[in-house]
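Labels run A, B, C and D following the written order; every chain starts at residue 1.
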């Protein structure tokens, strides 16, 4: 004889609470970063101003909260101003690649056939290529530059977005509501944009956020390798590369941009995960 | 147009081997770290500054450059120049390879042939382009014929320039892999290469075959072993020093000096690197065709500030194109050289800059671009500093970084009026830099028949005094009168030493000679 | 046996205190509509409730219980061989019994023996699940389940995912294994016909409450509770066509939904005011059963509505003529040349096992699939991809859950569909909803706020929006509960009459086809092998396959 | 006969790879051809140079003629097994590869092993403890790993574990295999953490999906031990994990540039970075092709691994 008594499984509620706390924190981080990106130049109009008489000042000295770097630039101001290039470029990258992915991915997933085949092969190829390497080779050979890298990344980031969009469309297309729409004679664009797209929007938003985090890291990496923003500009990747050299004189020069990159990328990733979870909850019921 | 220049003080170095005493003790092992990987142990293949530093530990040329910039005997104990197209070298009878074999004329001839062959020595062959032939003319005698009259060609036969002497058999058996790990070169220097792990380390052991230990100016090496450790990352190199894995760090970059200065066991020594940095103008590009505009730029540059703060002492404010080292034979003391070279009217004075601009064709300013090579961030920083100053008088200067090769492309593309000139003189000869910048083929298209004839006569003259005075006159005309060039600074390189290590006769040319022999244990 | 088994979900109680007992060698069936908590009871018995659901009360059973899941296509690990999966259970059973771990040989022998017990060849043990048919997989599952040496075998709808022909075999196998091994068995099903032949005792579950319990014959033969009665009446008979199909309006209340009094009140045919005052308790009514109802205190009369006149065969002029249509996928011929006609106002049924090409045929007619060859004439015009107008042919799909765009409100979807209607035939959204028996305020709702039956009504309304002449129903009721199925069938029949619609009704369930179709086509391997008036085909099938099909259907509903 | 469709698939894939390599090599050639700058001036620097020497150098590196003739010359030489000589070092490209490839190979493989060894068990653990503190902890840590670029992790590790806590060497690659592994451990760890985060996430998702699956429920319902159930789920989850493992390998290959730069490792990554900056045609061309080939091989390997892992696919190709 066995007597079984079953107990309540705990945990779900708690993890939900943790998740919402994390999401709130992430939103706060992103909000601060966006404010810095938009108003950074207004708050600190001469963040990139070099003061050769005041190089490598330690944190806290003479109004420099985090000290100055080897060019006498105020690290705090520089870091705040760096939010602009850290957020804007990746945003353009992700918007561009997502737009490309939505236009091509919906068509490929819905129409199938040769378009799908060609796009599929091209995106397989691009998808497999290491983004940093390709950007290094192409950007490096053409002399780099921030916007050139952004353009390269748009192309390189498109395949992963395209896959997501295509897979979503592919999954929705055989659903009866799409067939019903076909039977009712709706146009292809109407079916794609009014019927299918709203149903994969959660996928799209999740992918957008996660790739956005990826783009932030990728651009920072390339700046770190010296193929990115133009010299003298405020940028976290560049600051990291420069800051490493004076790591011992003023650790803030490397810690500040490091913390910023980490926090922003984490926050965007948290938002992506949160959106995914939200979509899942919605899907479940 | 001439202005009075105020004397500018020069920066001081952090410490010096000259102040240390040699304990005479031998050192078992010295680790020298370098921040780049030589592509080969033979500099003829890629002639970066580190390639020279590394190669000269164990290999020598026929001659070498002494502390004062004069050509000294090395493997050749003496030479004569019967005419301007012939040089006859007498080999040093004590010169031996590290294998113990004596250096024969055949070895020297094979080395010269390899050095002027662009296939074997693509990076340095051009230096010996004028060599027609090298033949044995006696037991210990090699005669070199030049294709044209070359009054000042001797230095090219040094390891500071284009010649490293290896055995003839080495050249024969390693036509394809000269200088690689599978073909360790054998030279005539005091240190023999025992191990080469590319990108990682090079080990040297002291031999007793070196001619320099004997003879008149005998030097006794103290280090039994030298290890060159390749650490391409600067902060890793500092970490290595902190954990005691480095005794000497060559070519410390400017950005790193503060880090090294912060290490209490290390000191930094500076030595001129014979480089000249300045602005020159594409004379045909507007508005730089106007001398007043060029003058305004000249006054807007913060010479002392840049040298002190940006270069961290790795340089001296330049007052001429010719470097103090290149005139050392005529003006041996620092003070006399400074006086003779005081040819630039410019100092940092924004009032004068503004006045010059007001008097120019573009009184309200203009917008232009200055490109700098990415390998030299200090040029970019100096450019940004200049841009800040120019902004106050209405000139917008956009600073752009380009890889070195693309930078070359912009120098004479007809759109960039204001350009950087960064020139490393390998020989330190007085006509070298000025000849390039002021001669017929000068990159800026600067035309002043008086200047160009002075340069030509200096190049063909054999008398050192005339050569120097011609060049200095040309310098003065070009800088003070025509503002065709604006000298910014003469470069210096920094070397970090552990405090227990000293090096004798540290100067601009030491690292092109077998410098391992000069290392000593200090108190 | 369970005492006061209660199951709590995140939003409310899923199962109210529930007690039952199954003796060894006997079987108990739990029946009820979807969402009544049957699966939760089964999972609680084996201790595998999902996250967020917990149970209390006490369970006592000798030895172990094994749960046979519903879907043989997902219940086995796809990457392990069948024999291996059975062997794991054998080993686990040995360990539990404190026996020494069996060696390789012993294991192989045990697996072969178990496969033999479920009528499978020993070679199946080397096969992967995907290499087997659905019926064979379910046998493997049974073998794996009994390998655990259970004392109690729980089968949760073990046959719903199978074809009619397989269904009976599997059920018989379960019964045989149960008898031979002397197991206690718990069968969960919403199919009363299935339970009738299988179980000794029955428990009728409604919204987590037992509304009637007792011996199978008594409960099913003479139900006391109005719910049980309604359920048995909703089951369509295969032998007659009924004038009216009994069905239950509405749907099972969700856990946590507020109510007062009897939980069945809202849907009850016999409801009285006193039913709202308290919840009725389960009380013995006949000597073999107990029911929870204030009103009914004895067996309810099972009124079999009289037969409807079987409608006459098609008139001369055809609305739709399909001639020689073929379609193949790769090398697989899904549709051999097929001919089919539909007269105006006629309801045509298409029957056939899974994969026989029914859907392919329907999709070709609707224009969702391009036929490889053959012609389709509609209202006398040959249809090409270009000349189709949305008004002509519409489809009601099988799965009501995916047939509505989750992002659109009901009203939005219907209004959009209406734009495809000819201007003369435009109706309002409210009119459309009324046609399918839904209140007008449903227009504001989203699909996920609707029950399956309600969704299917919306799908039908949308299909009717462009005023079609022909409506194709592809398994339109097979995803629904019997009770809801009856409602939808009744709705379709009445719409067909009122709007003079032609209907092609596809189903593998002959009983359903008997109720809705005038003429019947039987398909197999992409071919139409028999056709004729529905009554004639079912009552006296001429093709051997049809005979087999009819036999299987008849047995499973009356066995 | 039984394997012929499989063999056909593989042959087709290999043909595809060859076409791909040809296309990529041409694209890279175009890139280098149209790029601004000139290797010869790079080689010479600011020096007065004889035009004859320049001409000789141009001829030596095959820089005469138009794009097509240059490319076809290059291709012809490659087909004869001659990948040319590095402009920068005068070393045959193949030797550059031989000298540095080993280091990068060890680095990548070590990173891959670390990735898999850390991430799969953690992913499985997180899935098993879904919603509990272990899951939260693992998910949070992997989130940070996902958000930290390899060079940032590298910098932190370098200062923490090599300098302040001198467990690992600060620089260099050592000599001999064992020493290489010791020297490359920190870099590999830096490289691995980011990819491990990806795999943890994927493994967790795949495992949760599997554990919620019918067949796992059935396995539990027949009394299999939790250990066995986990193994079944892991075996099923191996299919999606294998795909991501392939992707992670390519990610690791891309990440070596950053990590090699941070730890000053003389591997192919730094060689590529240098070659790009120097416009060292033959080296860039060769390394790009090697990377493309490697990735193609990895992808093919992943596809074959699928066949091993998923019997449902096996029948389709057989």
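As a convention for this text, a contact is a pair of C-beta atoms (placed from the backbone, for glycine too) under 8 Å apart; a residue touches a chain by one contact, two chains touch by 3 or more.
Not measured: the values here are computed from a predicted model.
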Chain pair with more C-beta contacts, A-B versus A-D: A-D
Whole-Å separation of chain centres (CA-atom averages), chain B against chain C: 90
Approximate Å spacing (C-alpha centroids) for the pair chain A, chain D: 22
Intercentroid distance (Cα basis), chain B paired with chain A, Å: 46
Intercentroid distance (Cα basis), chain D paired with chain C, Å: 51
Multi-chain contact residues (two or more partners), chain C: 51, 64
Multi-chain contact residues (two or more partners), chain A: 11-12, 143, 244, 247
Touching two or more other chains - residue numbers and ranges from chain D: 36-37, 130-131, 261, 277, 279
Inter-chain touch pairs (all): A-B, A-C, A-D, B-D, C-D
Residues of chain A that touch chain C when the two form their complex: 1-9, 11-12, 175-177, 179-186, 195, 198-199, 285
In the complex, chain A residues that touch chain D: 11-12, 14-15, 18, 22, 124-125, 128-133, 136-138, 140-143, 213, 217, 220-221, 224-225, 240, 244, 247, 254, 258, 261-262, 265-266, 268-270, 273
Residue numbers on chain B that touch chain A, as the complex places them: 234-235, 238, 253, 255-256, 258-259, 262, 302, 305-306, 308-310, 374, 377, 380-381, 384-385, 388, 399-403, 406
Chain D - residues contacting chain A, complex: 20, 28, 31-32, 35-37, 130-132, 135-136, 140, 143-144, 146-152, 155-156, 159, 247, 250-251, 253-255, 257-258, 261, 272-273, 276-277, 279, 284, 288, 291-292, 295-296, 298-299
Chain D contact footprint on chain C (complex, rising order): 43, 46, 48, 50-51, 64-69, 71, 74-80, 88-89, 92-93, 95-96, 128, 130-131, 141, 144-145, 147-148, 150
